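Presented below are the structures under discussion, each in the form of structure tokens.
Below are two complexes that have chain A in common, paired first with chain B and then with chain C.
On to the complex of A and B.
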């Protein structure tokens, strides 16, 4: 049962966080909080700006286009409040970074899921 | 002292970059130590008439646009920002902005340079040069890509001639209902803000400048209130001959001249800002409104209330919008008592200065923002202004009388990288 729009939020297997609700995911991806609910520093990862998964992720999460998210981030970044998620080249790179960094958090299409990462939520 | 702190922070951020520029080559390391980003606008604006020159705000009197001429200097700018991450808790940033200004020294080009430390995951203190969190857009007013319009509404943001201050701030964030509540307090000095007006070029300081803001936001709503106060300090060389005449007049038949001379003195007088704002952002609608009151102990700056409301509706990548704004003094400048005949020209000149600070203006704007690409937006905007009295938001060399209408046309290309 895999749909293109089934977007999973993943973290490192060693991350103590077991699940994140929609608000907690939004908090991290909108730069409101820079830490997981347990206080550990979080490093959100983004998919490429021109990718279907990024469009769907933000559409589902906050009902905004990639361009609108960019305008939102321009405000946060250039007023010194927070830095936008680091952009990775594709889902493989997202998974690799999540595997290798305990604080990383990313999102991938459910078809790309494997056992090396832990699912903590979904954007639907 | 603040300048020293700022210098230390500036070099603390820049020097390690030069030394460690190629130290973050490991592609698997997602915690970049340094990140360079930027923003800019290529904009052309046409507006003004023979006497009133269009200016984006009081700090842009360097290149006013008269008589429906064109200018690329009012809106065009380029910003560069270097973010540094020393540890998970200690971060810093330096932002430089190149734009048309009277004093284009490196010192004035440094928009921000600060270090921030997270005391707890929800509490951050910063020190250095930072934006003044006065209104909804006062910290990002130069980042045109971050909002809908060609520029922040002139009626609201025009009288704010300062962008930054050197000092400290502290922010605390906590969850409330479905959103988050953010408190901020700040204090410091805002120095060397050059403004131009009827009395020539002045360098305006606010020292001290302090204030607080409370913001609540969730995914669609943002509500904020803020207040700030600053003590004015100014040096205006062009005013000196006038002050000399006033001294002479007070000794030769016009005693009232002495108190007018005191009224003209900016230094030591306080100014107060009170503001509230509300924004609703839920595709396809984008609605935003703010209201503020500025008061001052300086008699020549009359209390002014300003407000705007903007409504935008998204159609795919294009968002047309409508904007209505007004700025109005809550009292008028009043007339000076008549002077003895030999001092009548001086009295007239002073009355002219007083009147030039008057403000009673409304405007309606129509425009659209077209997100051509995720990092590139094009904006087209038409403003129609009704200007009564003074016209102090405009650049003027001579006094103006009566009502008039003016149109402003803007074409902007905004980008981020």
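On to the complex of A and C.
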């Protein structure tokens, strides 16, 4: 069952944040806060718009479809105050970006997890 | 009857409906207005909440993200609405933005709406507060309510007008049509009403049919009544003719003689004076006009018990010079009420009575001298004797025979003789008193009856006086004088006899004694000698 797959939130191994609860993950991905709770700047990463994982992630997190999230961000874009998470091409690209940036935060299917990234939470 | 259009059914029904409709409207529109107003206010509140819903997601984002731009957009967007005076938005993370007037009117309050989190976790992230534009809202509500009430009034007015028109068209007009026909109709004529078009089968048609039946009945009744009246009138005319032109007098009275009805002939017979008194109520009754009023009164009361008519000749009171006699037939009749009345039918018999009297008079009198003749004389002598017998009075009979009368008759003719007889009769009448009788028994024979008066019976002096008077010369015309004398035989009642026959014979005998004794004297039948006047005896 694809939908039953666990969606894991990952950060750079060097990141001091050890765990994030659901609300903290939401605040980061919805653009409310641009920083981790410890004050480090955070750069949220997104899966491709038509990916299953992205659908599941937002469904589990804020109960919104991808289209709804797009509309949300479209509204915010005009204010110029916030920007949506950067879209990666796939889970590998996400992992790579997390590995290479200390402040990056992303989400992947649990099957794609490896030791190069640190799991700080899950969206379920 | 002319009906003013303002009193017509249409106007009356219409105005009644109009009055009740507008009374209803006045009460109802007040509540209707209030309700509409409240509804409008509620609708506005609802609109405001819906307005909030449309901006809720933006407001949620603004509050969530503490985004002033979106918040500004939200409040300005809301404030632009006419229903809104002022708006404020407060975010839980410190956002606060307000535009417009946020002081609520004294009687109104601020509307507050919570703003939920855009991430759908049910958490409230802020609050929108709206100060509604109460003035605008109420003004709009008033306007709406007023329009509603106006349209209701307009509908009512249209219905009232429609009802008036329908009442006029369906009721007043056909009724007026029928009423006008009825108005123009002559009672008893053959005219009939016709139904207004389109109303033949409804109540108006029924009314027309029933009215026509009634008219039919009335016409028949009137016709019958007219025929009957004509018959009665003709009969009455005939009766009146009989009654008024009857030669006999007819009068109807009560049992007590009060005059109730009479015909002209009756009035003519009775005379206008009596008529006037009879007509004036209570003055006189029928019996009072007759001499024998008591008798007539009794008869009137007696008739109802006898039940047979009573006929009699009655003399009217008060016509002394020309006595009036009526032959009256009294009979009882019963009127419709069962009362007994007296019918009197009378004929004037005055002339007949007068004629009878005259005939009797002629039979009793000597046409030449006017003295009683033998027939009349005998009748009255008997009456006189009866009276004297009853009153115990004395009576003297003087039998007189003229002396030397026959030669005068022979010499000078009968006319001269008649003159002598008339003169002698006059002289004898002048000698006697009122109560005494002078009778010409026939030829030159006379009889005088002397009745005892207050001064006794002075027979001899009277006899002497008669002798003297008859002895005097008599003018028989052309200067010719003749002389006669008389022989008188006297009989006295009751001294010489009781019966008239006896007394007459005695007087006669005594008279002959004088004749034989030389004439011109008198002689008492049972006494001697005779008195003979010698002075003129030759």
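One rule holds for everything that comes next: the second predicted complex is superposed on the first by the 120 of 124 C-alpha atoms of A that agree within 3 Å, B and C clash if a C-alpha of one lies under 4 Å from a C-alpha of the other, contacts with A are read in each partner's own complex, and residues count from 1 in each chain.
Assume contacts are C-beta pairs under 8 Å (C-beta built on N, C-alpha and C of every residue); 3 or more make two chains touch, one makes a residue touch a chain.
Source: prediction; values computed, not measured.
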item: Which superposed partner A:67 touches (first chain B, second chain C, both, neither); value: first
item: Touched partner set for A:101, first chain B, second chain C, both or neither; value: first
item: Chain B versus chain C as contact partner of A:86, first or second or both or neither; value: first
item: First (chain B), second (chain C), both or neither touched by A:31; value: second
item: Winner by number of chain A residues touched, once chain B and chain C are compared; value: B
item: Which of chain B and chain C A:49 touches, first, second, both or neither; value: first
item: Partner chain in contact with A:39 - chain B first, chain C second, else both or neither; value: first
item: First, second, both or neither for A:119, with chain B first and chain C second; value: neither
item: Where chain A meets both chain C and chain B, residue numbers; value: 23, 26, 30, 32, 62-64, 72, 75, 78-80
item: Chain C-facing residues of chain A, complex; value: 23, 26, 30-32, 61-64, 72, 75-76, 78-82
item: Chain A contact footprint on chain B (complex, rising order); value: 28, 30-32, 35, 37, 39, 79, 81, 83, 88, 93, 95, 112, 114, 116, 118, 121-122, 126, 130-131, 139-140, 142-143, 145-147, 173, 178, 180, 219, 282-283, 317, 371, 373-375, 377, 416
item: In the complex, chain C residues that touch chain A; value: 58, 61, 64-67, 69-70, 118-121
item: Chain B-touching residues of chain A, taken from the complex the two chains share; value: 23, 26-27, 30, 32-35, 39, 41, 43, 45, 49-50, 62-68, 70-72, 74-75, 77-80, 83, 86, 96-97, 100-101, 103-104
